[in-house]
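Every chain is named by a letter (A, B and C) in the order it is written, and numbering of its residues begins at 1.
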């Protein structure tokens, strides 16, 4: 099997995975419109249907899908000042290529190691217990060679915990993206333009983060644009409908 | 054999080198795909090449067959190199495993694994083989328990387990309440449940 | 050495015969009560006596020391006598994981997984069990780090890690990168009837 055998039926595209890839790289399909989660689900279905895993192909798929995800996440961030965020034509393909080449480098190194092992396979080493006259090691002769502090330090290392990360927001999802989407849409309906700070006034950190996700989603859906004059400066959110109404005027 | 041996003699020398036990002529003949007469002739050639004073090895015929042995000339040097207790530096995995046994003994292998977050089988096997730890019965659940040995105390220069250094010096959570064992187990589980990306890797990706 | 070796060469041959692992020149010198220069000279003599085609054994410099190995001429007979292959070959997944550890050590498992794009748990477990890699401490986040072992060097015929070629040796040439890019771009083209990518694009790629 190759990745070409992976048939997709997405909202914006229907056909084999490799064709989707080509069209994305040629920028004939907007990556922003491709639901990558659906591609992954299609791949999993495909695997399940086949009942076996071709590691070579799976590796290629994972490298590609990971790179596509990273690209897409960057494209979702509007911004001009950062070179990194500003994808030139062809840059998507370059990025993807770099990722694949890096994985390939170690695959080739692996081939080299396999050859080394093969070359050495006719050379064997002796593996025999020491003759009895060398095996006597009386306890009385044992000398102190290890430092007990090594044990204390090792145990101290095992007592170390990772930075306490609050998992509260994971186990108790107090706020959902859908909630915050509704919240933002309501704000934009009444004001057409609103600052991010006012949209999250009085909210806790989790809510602020989820609101940012909701904002990304609005941007992706083409409902809103956002701008930030300088890093850490205020973020202004504008409804696209409002912008469109202003334009003809 | 002179400086250049027959191929059969070379094969036989290699076979005897690789075999920890004496090998019978019939087995040598079968392995080398030769007749027993040919093998005997080649062994005579080998005997000649390994005659006393020539090499560091000697060919011996014992009850079970032929074997190679080291020349007695090397006896003293071999004692210096090999007869001391084998105490290579402890690997990090061995040090962690040994520390767990030393401080918590008796302790079961599943417990060690839970504390370390990764398997302790290979490290524990090495420690057992070197005589630093030993079995000490079974837990109520039937798991083998381990403790340290008198050799352990000697090699660490300790008179007894009470001489083990206080962990508080290295303990990042000394002020927390709770038994050492419980705190080790909970820290191990906290680490196992978490795999944050490492900064070095992130940098590597960005550069690539 | 001619038929009669110097006593030091004989002692060294016996020591290497008895030692289960490669022995460093400094350890040989200490055991044989000789200077390192004398040991090196005697090893050269031994190397000469064990030159290919002379004996059933060979002197090898591996994993930071010297060791004796069987001559490949005996491989077939050894397989028959010992009835086991010496080292099973590595699967592609194991070889890739080993390559990543060899070049990036110390390296954590999440890092290996990120580079390969698929889980390395099973491959890494096998490499650990075969003694080709081992733990080497923990990262600042508590993740276990891995490195290669002396056994890895021994089995792969390496004196040390510095014997590994630079990893940049496998950096793709501009042509190879171009080919991969063509493959990426043209994968779906035939299907789509879009025709080959345009030359100007290809040139841009090769330059980047």
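Here, contacts are C-beta pairs under 8 Å (C-beta built on N, C-alpha and C of every residue); 3 or more make two chains touch, one makes a residue touch a chain.
Since this is a predicted model, take the numbers as computed values, not measurements.
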Of all other chains, the one whose Cα centre sits farthest from chain C: A
Distance-to-centre winner among chains (Cα means, whole assembly as reference): C
Inter-centroid spacing, chain C versus chain A (mean Cα positions, whole Å): 32
Chain A-chain B separation of Cα centroids, rounded to whole Å: 41
Chain B and chain C: spacing of chain centres that average the CA atoms, whole Å: 21
Shared interface positions of chain A, touching two or more other chains: 102, 124, 126-128, 130-131, 134, 157, 160-162
Per-residue overlap in chain C, given as positions that touch at least 2 other chains: 17-18, 68, 70-71, 78, 138, 141-142
Residues of chain A that touch chain B when the two form their complex: 98-99, 102, 124, 126-131, 133-137, 139, 141-162, 165
In the complex, chain A residues that touch chain C: 3-4, 15-16, 18-23, 25-26, 55-56, 58-60, 62-63, 66, 90, 93-94, 96-97, 100-114, 116-128, 130-131, 134, 157, 160-162
Chain C residues touching chain B - in the complex, by the definition given at the top: 2-5, 7, 9-19, 23, 27-28, 30-33, 49, 53-57, 68, 70-71, 73-74, 77-78, 80-82, 108, 110-111, 114, 125, 128-129, 131, 134-144
In the complex with chain A, residue positions of chain C that touch it: 17-18, 20, 58, 60, 67-72, 75, 78, 85-87, 89-90, 92-93, 95-96, 98-100, 102-103, 115-118, 138, 141-142, 154-158, 165, 167, 170-172, 177, 180-181, 184-189, 191-192, 194, 201, 204-205, 208
